[in-house]
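Chain naming follows the written order as A, B, C, D, E and F, and within any one chain the residues start at number 1.
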Amino acid sequence: MPYVNIYCLDGRTEDQKREMASRITDVISEVGKVQKEAVHILFIDLPRTNISKGGILVSDKK
Amino acid sequence: MPYVNIYCLDGRTEDQKREMASRITDVISEVGKVQKEAVHILFIDLPRTNISKGGILVSDKK
Amino acid sequence: MPYVNIYCLDGRTEDQKREMASRITDVISEVGKVQKEAVHILFIDLPRTNISKGGILVSDKK
Amino acid sequence: MPYVNIYCLDGRTEDQKREMASRITDVISEVGKVQKEAVHILFIDLPRTNISKGGILVSDKK
Amino acid sequence: MPYVNIYCLDGRTEDQKREMASRITDVISEVGKVQKEAVHILFIDLPRTNISKGGILVSDKK
Amino acid sequence: MPYVNIYCLDGRTEDQKREMASRITDVISEVGKVQKEAVHILFIDLPRTNISKGGILVSDKK
């Protein structure tokens, strides 16, 4: 622990995930005082049709 | 907030997601007394091989 | 299925949860064409210190 | 209830999911003293680029 | 990985969680061919007012 | 979006959550090229009896 689930619009590149994972792990390790090895992060990619904000799908926003 | 994650058998159409998102947002906004804009909904689609009920995969049910 | 997880600021009353559960189940059953009995909803209550929007905890918003 | 979400590297076969679902349901039913029918399991498959341990993506590990 | 989230009615004892964790880990390790050390399990306890099945809160069922 | 769920051993202070939320939001905003306002983070605190690694509860580790 900690375990981090990041739900995100798909389209993020592997480079973006790599950099987010590395830097978020550093923040959690430093602030939470846990070993980096203990920080687990999952990216759950979602298409635009599968996210709604204010009752409107992202795929319907212009 | 609130944040709503809906895990569902894939195959729902965009129209079904659009209507669910709109109407669920209305319910939460009205009952929870929050602005519609604050209601976030994610649909996580899953294939029939990835859901089990009573120890049996949906893909194995006739 | 479907399975619905609702992450929400704590403080919602049992009456609010009862009405949300009932009405969200109706929407999913009607739009998704599934039996009401198949709709499962979980409410995960969170304190104001445990939700951040735009990098700011809800407990820090005036 | 209980509801079980299993986040896993994709590549598990349907046979592996079938056996995991069956046996995990048995364990939860027996230990938790609930009917097997009440145990729901979801498998959320993730590609190697979407899992990080210790700040390093699984896809970057040799 | 794998990462397992178990949402459950609160009231399970520490002994029940200990036995479920141990045995579910064994199943996943054996079937999924992963080291036991790689299997992570979280129990998220929920009160009876926070679980709905078929549109009815568990706390409302006789 | 993105939506971030952080499952963590309870005991983190509000200060730690504040700093994690702020800095993780900055990372996601910068790397993911999204507005900070769009980044939502939830902390789900768990007691030591509710986390297992390698089949052993954290509460059982010396």
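In the analysis below, contacts are C-beta pairs under 8 Å (C-beta built on N, C-alpha and C of every residue); 3 or more make two chains touch, one makes a residue touch a chain.
The structure displayed is predicted, hence computed values, not measured ones.
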Mutual neighbours - chains that touch chain B and chain E alike: A, C, D, F
What rotation angle takes the CA atoms of chain A onto those of chain D? Round to the nearest 5 degrees. 120
For chain A versus chain B, what separation do you get between their C-alpha means, in angstrom? 20
Whole-Å distance, C-alpha centre of chain A to that of chain E, is 24
Report, in whole Å, the distance between the mean C-alpha point of chain A and the mean C-alpha point of chain F. 11
Among all residues of chain D, which ones touch two or more of the remaining chains? 1, 3, 5, 7, 24, 40, 42, 44, 46, 51, 53
In contact (per the touch rule at the top): chain pairs: A-B, A-D, A-E, A-F, B-C, B-D, B-F, C-D, C-E, C-F, D-E, E-F
Chain C to chain D touching residues, read off their complex: 1, 3, 40, 42
Over in the complex, which chain C residues touch chain B? Could you list them? 1-9, 12, 16, 19-20, 23-24, 27-28, 31-32, 46, 51, 53, 58
Touching chain D in the complex: which residues of chain A? 5, 14, 17-18, 21-22, 25-26, 29, 35-45
Chain C-touching residues of chain E, taken from the complex the two chains share: 7, 44, 46, 49-57, 59-60
